[in-house]
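You will see two complexes here that share subunit A, one where it goes with subunit B and one where it goes with subunit C.
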Partner chain A sequence: MTGPFAAGLERLTRQAGVRGALLVEREDGLVVAEALMEGLDGAAFAALAASLWSRLARAGEAAGRGAPAFAQLEAEQGTMLAVPAGAELLLVAVAEPDSNLGLARLELIRAAGELA
Partner chain B sequence: MRALEPWVEPPLARFLAESAARMVLLTTTAGQVVAQHGFTRAVDLMSAAALGAAIVASTDELGRLTGTGPYRAVAHQGPGAGLHLAAFDLPHARWIGLATFGRETSLGVVQVFFERMVGELRAASPWEAPPRAVLAADFERELGGSLQALFGR
Partner chain C sequence: MSSPTPPGCSVTDPSDDVRLLTAQLAADPASLVFMQLAEALRRRGQLEAARKVAVTGLHRYPDLADAHDLLARVLGDQRDFERAFDEWDIALRLDPGHAGAHKGIGFLYFVAGDAARAREHLERAAAALPADEGVRAALERVRDAVPDAEAAPAAPTAHRAPGTPPALGIGHPAPPTGPGRPAPEFDAEATDLVLVDGHGMRLAGRLRAPDGSDVADRVAAELAGVSREAERAARLLGLGEWRTLAAEAAAGHLVVVPAAPDAVLLVARERGVPLGRLAVVAGRTAAAARRWLEALA
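Right after this comes the complex of A and B.
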């Protein structure tokens, strides 16, 4: 993978339990850049992450808590982590189920800060 | 939702439910309507079908001329609504799908579930080979019958 986001995404995928990372256009839910292991559908993760984020943002506003800063979705087959990267993008990590995601979470937040 | 052939309905219904698209139109590449959801006037339906077919034909040709095609889809995004237009191959024919959507969903979600619908249509298609060509003499009768089925009149 090459491009301006390659180094950040690949650093994320080196974290324990992380199977892929994507940069997603927040409003359209489209992939901007991705580093995914085989078998992961980047378009589907991008659509899911953006859709989830937009609903969280609306719910946060409705509850008077403001915009979300971090999201973690745990499912049977794995976990998805998302943080905003600037005003228009989301940085998303896809992880194996039941993995320890503390370091991955820290790396995700750090990488998003660099991209913002 | 209305469809000329019953096997089209389940995949289309799932697409509508999962993508939250507002209007959907499936046509042949000649602009003949196969199924629709959200159109209330026949004249709008026929115009959208003709325009969709024309856009797909012109972008295909543009892609050929510039050596950058063929393209999988055309997307337009406005401030409040968007449009996804794509041609896809079934065992018996090439069809076109047009979906409009609002801010309650996104282009990414529509594209993901559109691809899923195409896969389901391929699996559900009862055809194995291209059907016979439609004769000019039959066209008007088939068009009238199609509109009647699509609008229930």
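Right after this comes the complex of A and C.
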């Protein structure tokens, strides 16, 4: 992985329990940069992550709660976490099921601040 | 229970000077001294004061697993086992290996008579706290009650472990059930949730925006097909079945959970309610909603 965002993503994936991370265009779901585990389709992941984010954003706006500042999809074998990185990007990470999600969330927010 | 030791703080001692810790916290309200102060108050038996200090601290540090564990122990001392369970459950969501939370939930299951789940949690606690005699003694008793072959399988995450009703396929733990802990009824007229079918139609619940307007149908429409989308994302990532989709927003928190094969439940609360606690509430409400839907059929 190279490019201006590489260092930030690699730092994030060095966190215990973080399996991978990627930076996505929020509007169209295209990959900007990625540091993912082997075998994972980054393009499909990015598209689904952006779509879920967009869905939560619309639901949040409809509910009068505003746009999300953090979101997560929790599943039996791990969790996908996402935060906005600037006005147009979304930083997404996948965490192991036994990882410290509180810490992963804080690291993600910090990394998004650096990448924005 | 293990005493929480926030980074940068010294280990709590029963002889801690509550007055000194109170002064330190007053001088720096954002510090983690609240942990030591609440622990000191708890050990002195000033449980209500300990609870208030812990709750106030959690407003600043909602993602600190040790703080949820601390509040759970205070609540346990106050014999508010339902809320203690919720706090330990949140601690395990934040840190699935949290020994104190496994110990606490293990004891609650033990008391509730669910030896299999008690054993599962106490074994994880014992592995992390080998010198804890209370855990060891309780574990011996539940091992007698639940031979190896009958023990619940080791939980890969805390979320699946405690009290999850397997038949419901909902990934959130219910509190220990038993005498005095009936399953909650689903309130189809509740004003802080909406139950939605796969086509975005509202099945039950009401939802009001902070300005008081009724937004339930609009929100329901936005949730059409969200279950399939979450399922696809979880499958692509090799994460198995999805359990919650949650968002922290400027004016509140939202949690969406599966409530039936083609229905989801959205629960909304103000920002002061930690996302982990809201997920527990949503999971429990979804289980009740499932029963409600089954009764309608």
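The criterion applied here is as follows: the second predicted complex is superposed on the first by the 114 of 116 C-alpha atoms of A that agree within 3 Å, B and C clash if a C-alpha of one lies under 4 Å from a C-alpha of the other, contacts with A are read in each partner's own complex, and residues count from 1 in each chain.
What we mean here is this: contacts are C-beta pairs under 8 Å (C-beta built on N, C-alpha and C of every residue); 3 or more make two chains touch, one makes a residue touch a chain.
Computed from a prediction, not measured in an experiment: that's the story for all the values here.
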Room on subunit A for both subunit B and subunit C (clash or fit): fit
First (subunit B), second (subunit C), both or neither touched by A:29: first
Partner with the higher number of touched subunit A residues, subunit C or subunit B: C
Centroid geometry (CA): angle subunit B/subunit A/subunit C, rounded to a multiple of 10 degrees: 120
First, second, both or neither for A:65, with subunit B first and subunit C second: second
Subunit B versus subunit C as contact partner of A:98, first or second or both or neither: second
Subunit B versus subunit C as contact partner of A:106, first or second or both or neither: second
Subunit B versus subunit C as contact partner of A:78, first or second or both or neither: second
Contacts of A:51 with subunit B and subunit C, given as first, second, both or neither: both
Minimal inter-chain CA distance - subunit C and subunit B, angstrom: 8
Footprint overlap on subunit A, comparing subunit B with subunit C: 41, 44, 51
Of all residues in subunit C, those that touch subunit A in their complex: 63-65, 93-97, 156-157, 159-160, 171, 207, 209-211, 213, 215, 218-219, 221-223, 226, 229-230, 232-234, 236-254, 256, 266, 268, 275, 279
Subunit A - residues contacting subunit B, complex: 24-25, 27-31, 41, 43-44, 46-47, 50-51, 54
Residue ranges of subunit B in contact with subunit A within the complex: 77, 82, 105-109, 111-112, 115
Residues of subunit A defined as touching subunit C within the complex: 40-41, 44-45, 48-49, 51-52, 55-56, 58-60, 62-80, 94, 97-103, 105-106
